[in-house]
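Structures given as C-alpha cells follow.
What follows is chain A paired twice: with chain B in the first complex and chain C in the second.
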Partner chain A sequence: MSKSKTKTINVDYLARVEGEGSLYLKIKDNKVQDIKFKIFEPPRFFEAFLRDRHYYEAPDITARICGICPIAYQMGAVHAMEDILEISIPKQIRELRRLIYCGEWIESHVLHAYMLHAPDFLGYQDAIELAKDHPDIVTEGLELKKIGNELVTLLGGREIHPINVKVGGFYKLPSKEEFAPLYERLKWAKKAAYSMIKVMSSLDIPEFEQDYEFVALRHEDEYPFNEGRLVSNKGLDIDIADFGKHFQEEHVKHSTSLHCRLKERGAYHVGPLARYSLNFDKLSSEVQKAAKDAGLQEECYNPFKSIVIRAVETLHAVNEAIRIIENYKEPKKPYIEAAIKAGIGHGCTEAPRGICHHTYSIDGDGLITNAVIVPPTSQNQKSIEGDLEALVPSIIDLPDDQLSWRCEQAIRNYDPCISCSCHFLKLKVDRE
Partner chain B sequence: MPLHPNAKPKLAVWKFASCDGCQLSLLDCEDDLLAITDAIQIAYFPEATRAVIKGPYEISLVEGSITTPHDAERIHKIRRVSKVLITIGACATSGGIQALKNFKDVNKFIDIVYANPQYIDSLQNSTGIADHVKVDFELRGCPINKNALVEVCNAYLNRRKPNIPTYSVCMECKRRGNICVMVRNGTTCLGPVTQAGCDAICPAYNRGCYSCFGPSEDANAKAFSIHLEETGISRENLIRLYRGFNANAEEFKNESIFYEQK
Partner chain C sequence: MSVLVIGIGNKYRSDDAVGLVIADSIREKNIHNCSVVKNSGEGISLINLWEEHESVIIIDAVKSENLPGKTYVIDIAKRNLNTDWFQLSTHLFSIPEAIDLAKQLEKLPTRFYFYGVEAKNFEYGEGLSPEVQKAKDILITQIIDGIQFLNKPTNRSSKSTGN
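Let's look at the complex of A and B:
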C-alpha cells in the first residue's frame, strides 16, 4: 500500500488583483481536500461610519471603498438616495451618468484585461514584461485605458474618486464644446476596442465550463449599467428593493469580507459573464456581431472567457459614449433638488466586476441611520471557490508552481476587487 | 545621480488599509508608465505583478493606514528594507476615512458590520504610517495626484527636494481663476485650511473643498472654525466637516474634539 501524501500550496499574497487575499489548497492522495479563498484585507467599517452622516455625503464617502470603481459606488449611493427622496432625474442628466459609467467600464476593463489578466494567458509575470515583447499591444491598451480615464475626468473632475457626482445630478455640467476633443479620440478608441477583442479572443483559453446561476441587472431597453430588475438564469426576477429577501450575507472565519449567497440556492455568479449571458439581446447588432466573430455564443459559461467579454463590453461602452456625446444637449440645471424626508431606498449598479447593491435609511433630517452595501467580490467568493474545486482535479498533476499560477489565473477571471469586498490572495496548497 | 549608477533602482509598493486608488495612480500614468519602468525596476508591486524581487529597495511607496496588530508589526519590516519610505495618500498619512472609528468604540463598529465579531481583529485606532516608523516624505491626497507621485519619486532618485506645494487650496483657486464659493454662494469650503495639490477641483466644479489633502502647513483651523460659526454652521456640521478623509490629522482632530466637548 502506498503511503498517503499530503501537500499544501499557499499563495500568500495574490498578485494582480485589487486588495489583499490569499489562496489555501490542501491535496491528499491527489484529491482536493480543502480550498479556501481568503480575504485578509483589513476591515474598514464603511457601513458603520456612514451612520449619522448627511445623505448627500454618501457618494463621496462610498467612492473611497474602491479606487478602481468609485463611480459604481457613487451611482449606487445617488440612486438609493433619489429613491428615498423621490427624485426622478431628467433624461440628459441620466445620459451623462451613463457616459461617466462608460468611462469607468473602459478604464477598469482595459486595466484588468491588458495589465492584470492577459499576462497569465501569455505566460508573463506582468504587463511590463509583456510590453518588452509586445510593445504595440500594451501601448494600445494603455491609450484605450487613458481615454476611459479622460471621460471620467471630464465629467467627474479626476479619474480616481471623482468629485462631481451629486444626489440629483452633478455639481457642474460640461458644455458640448468640452466634449469635442474626446469625441475624436473615441473614434480611435472604437478601432482600439475591436483590436482588443481580437487580442483577447486569440489567447489560449482553457476549456472549462460551470453550471452557474448568473445574476445581473436587466433593463427593458438597454444593456444594464445602473438600472433594471435583478434576474437570473434560474428563475430569479425581482425588484432591487427585494434584494434582502432573496440574498443573505454570511460571515465566515477565513475572510474579513462577508460571503453573499442566494437564500434558496446558494452560490451565484455576477460580473461580465452573467451580464452578457442575461442581456445579449440588449447589445447592438454591431456588438453582437463582434462577439460572435470573436467566437462567443449568446451565453457563456467559461469563466476564462470573461476577458473576451470584457473586450466586447469595452466596445459597447465606447459606442455608447459616442452616441451620448453626439446627442448631448446641455440641460438647464445640473441637478434636481428635493425636500428631505425619511425613508428607505435602494440602488443597484453593474460595477465592472458585477452587481453592487446599496440600501440606506435616512431620518427626517437627512441623516443616514443605516447602510448596507453588498459589493461584487463578496458575492463571487463562493463561485470562485467552486471554480477552484472543479478546476484543480483536472490540473492536479502540474508542478506546484504551475498549479498555483493556474489557480491564480482562475481567481483573476473574476477581476476580484478585495479592497471593495472588505468590508485577498495567498495561495497555499497542502498535498497529503 | 541614481543611487546605483549601474543598476536600476528598485521600487516597492506596499498596501495597508486602503481602497487601492493611490497605487492605482501609478498604473494611471499611461503616458509615462513604460518610461518609468525603463528608469526604475518595479521590484515589489503585487497589484501589478506576480514577480517579487528581494529588497532592500531604494524607494518604498506605502499606501494605507495601520488598523490591525499584524500590520503594526509589518510596517517595521518594510522600514528595515527601505532606503527611502514615502507614504502615498490620506490613509497612509493621517489614517484615512477609516480613522473615523478612532472617535467611536471600535467594538460597536465591528458589531454593526460583522455577524461574528470574534473573527475580527482590529485596533481601536486607524493611524498614519509616521505614527509607527520614520517616514521620509508624506504625499498627501485622497487620492494623490499622479503627476506629484512621479515628481516625488524623480526627486528622491536624483537626490533633490520634491517640488510639492504646502500652501492652501485658496492659492490654487486664485491661480485657476475660480470665483470663491464661500464669498459668492456662502458654500462651506475647507480650502483655506487645506493643503494644495488637487488644483482646486471642487471649487472649480461649484462645490466646497472637503479636504482630500488634509491641513495645510500654516492652517489656522481654530480661527477658521470661529469664522464658520459666524456664518451660522451648526456644531454638528462643524464636527462632520473636520471628520472626513483626514479626520485624524492633528489640526482637524483637535477641532472636531473641541466642538464635540463644547
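Let's look at the complex of A and C:
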C-alpha cells in the first residue's frame, strides 16, 4: 500500500492585486483536498460610516472605498439617492456620467492589463521586469492610463477619490473648450486601444473554460455602465431593486469579505467576461469587429481571456468618450435639485470588475438610516475558488513555484479589488 | 522649467500626512519657479507627474528602526531608496517601484531628490506627533534650500547628499 502524501502551498501575500489576501491549497495523493481564497484585510465598515450622514454625502464617502474604481461607487450611490428622491437627470448630465465612467474603465483596465496581468502571460515577475525587455509596451500602457486619469480629473475634480459628483448631477461642469485638449489625446488613445487589443490577444492564453452563470447589467440601447436590468445567461432577468430577493451575502470563516451567491444556484461570475458575453450585440460594429479580429467569439467562458476583453472594452470606452465629447453641449444647470423625502432606493453600475450594487434608506430629514453595498470582488469569490478547483488538477504536477504562479494568474483574471470587497494574497499549498 | 515639489501622504493617517503638510507650507511661500502638488503616493500617477520635469523633490513619511523625527535627504540618481521604508504603503506601486519602473522607461527626472521624515504613528487620525512636527520645520528649511539650489543649474554638481 502506497504512503499517502500531503502537500500544502501557501501564497501568503498575493501580489499584483489591490488589497490583502492569500491562497491556501491542500493536495493529498495528487488530488485537491481544499482550496481557500482568503481575504484578511480588516473590514472597513463603510456601510456603518454612512448611517446618520446626509444623503448628499454618500458619493463623497463611497468614493473613498476604492482608489481605482471610485466612480463605480459614486455612481451607485447617486443613482440610488435619485431613485429615492425621484430625480430624473437630463440627457447631457447622463452623458457626462458615462464619460467619467469611460475614464475609470480606461485607467482601471489599462492598469490591470499592462501592469498587473500581462507579466503573468509573458513570464515576468512584475511590470518593472517587463519594462526592461518591452519598454515600448509599458510606455504605451502608462500613456493610455494617463488619458483615463485625465478624464476622471476633468469631470471629477481630481483623479483619486473625485469630489465633483453629486446627487442630481455635478457640482461644476467643464466648458466645451476644456474638453478640446483631451479630445485630441483621445484620438491617439484610439490607436493605442487597437494596439492594446493586438498585444493582449497575442499572449499565450491557457485553454480553460467554465460553465459560469454570468450576471451583468443589460440596457436596451447601450453597452452598460450605469443603468439596466440585471440579467444572466441562466434565466435571471430582474429589476435592480429585486437584487436582495435573488442574491444572498453570507459570512465564511476564511474571509473578512462577505461572499455573495445566487440564492437558487450559488456561484456566479461578474466582470468583463459576463458583461461582454451578455451584451456583445450592444457593442458598436467597429468594436465587435475588433473583438472578432482578436479571436474572440460573441460569448467567452475562458477567464484567462478576460485580459483581451478588457482591451476590447478599453476601445469601447475610448470611442464612447470621443462620441460624448463631440456631441457635448454644456447644460444650463450642473445638477437637478429635489425635495427631501424618506424612502428606499437602489443603484447598480458596471464597475470595471463587475456589478456594484447599492441599497440605501433615508428618513424624512435626508439622513441615511441603512446602507448595503455589494462590490464585485465579493460576488466573484466563489467563482475564483471554483476556477481554482477546476484548474489545479490539470496543473497539479507542476513544481510548487509554477503551480503557485498559475493559481495567482487565475485569481488575477478577476482583477480582484480586495480592499473594496472588505469593505490581498498569500498562497499556501498543502501536499499529502 | 520649474522645480516640481510633490508632497505625498494620507492626511487621515497621522504622521503619514507630513509630506502633504510640508507641501502646503512650501506652496504658501510662493517660491519663484517652483510648483507644488500633493499626491497619495500611487506610483503610476507619480510617474505621470514627474516625467515631464527635470528637477523634482518628493517628500514622504518613512518607517524604519530609526528614531521618530529623523530626516533623510537622498539623491535618487545616486542612491536607491530603501524599499522597507514604504512597507506600509497600500498602493500596488509605491515610490520605490515607481522609481524602478521610471528608470527602466527613462522617465526619471535628471535631478531628483527624496526628503523623508521618520514617522512615529501611522494610525487612523489627524495631526502629527511632536517628533514629526519638529522635524517638519527642519525639513521645510532644507527643502527651500534645495529648491533654490535646483533653480541654479550651474551648481548642480555641488549638491551634498546623505542623511
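The working rule: the second predicted complex is superposed on the first by the 432 of 432 C-alpha atoms of A that agree within 3 Å, B and C clash if a C-alpha of one lies under 4 Å from a C-alpha of the other, contacts with A are read in each partner's own complex, and residues count from 1 in each chain.
Note that in this section a contact is a pair of C-beta atoms (placed from the backbone, for glycine too) under 8 Å apart; a residue touches a chain by one contact, two chains touch by 3 or more.
Because the structure is predicted, anything quoted here is derived from the model rather than measured.
Asker: In the superposition on chain A, see if there is space for chain B and chain C together, and answer fit or clash.
Answerer: Here chain B and chain C cannot both sit on chain A without a clash.
Asker: In the superposed arrangement, does A:G67 touch chain B (first), chain C (second), both or neither?
Answerer: both
Asker: Would you sort A:L142 into first (chain B), second (chain C), both or neither based on which partner it touches?
Answerer: Both partners, chain B and chain C.
Asker: After lining up the shared chain so the two structures overlap, which partner does A:E104 touch, if you call chain B first and chain C second: first, second, both or neither?
Answerer: The answer is neither, since A:E104 touches no partner chain.
Asker: Check the residue A:E82 against both partner chains and state whether it touches chain B (first), chain C (second), both, or neither.
Answerer: neither
Asker: Determine where on chain A the residues touched by chain B overlap those touched by chain C, and list them.
Answerer: Residues 16-18, 67, 111, 115-116, 126-128, 131, 135, 138-139, 142, 145-146, 149, 159-160, 419 of chain A touch both chain B and chain C.
Asker: Where on chain A does chain C make contact in their complex?
Answerer: By the definition above, chain A touches chain C via 16-18, 67, 111, 115-116, 126-128, 131-132, 135, 138-139, 142, 145-146, 149, 159-160, 419.
Asker: So in the complex, the part of chain A that touches chain B is made up of which residues?
Answerer: Where chain A meets chain B, its residues are 13-20, 41-49, 51, 53-54, 57, 60-61, 64-68, 70, 111, 115-116, 119, 125-129, 131, 135, 138-139, 142-143, 145-146, 149, 157-161, 163-164, 166, 171-172, 249-253, 256, 258, 334, 405, 408, 417, 419-420, 423.
Asker: Can you tell me which positions in chain C touch chain A when the two form their complex?
Answerer: Residues 40, 42, 44-45, 47-48, 90-93, 97, 100-101, 104-106.
Asker: Spell out the part of chain B that touches chain A in their complex, as residue ranges.
Answerer: 15-25, 27-28, 30-31, 33-34, 37, 42, 46-51, 64, 67-68, 71, 96-98, 100-101, 104, 108-110, 112-116, 119-120, 122, 142-143, 198, 201-202, 204-207, 210, 212, 240, 245
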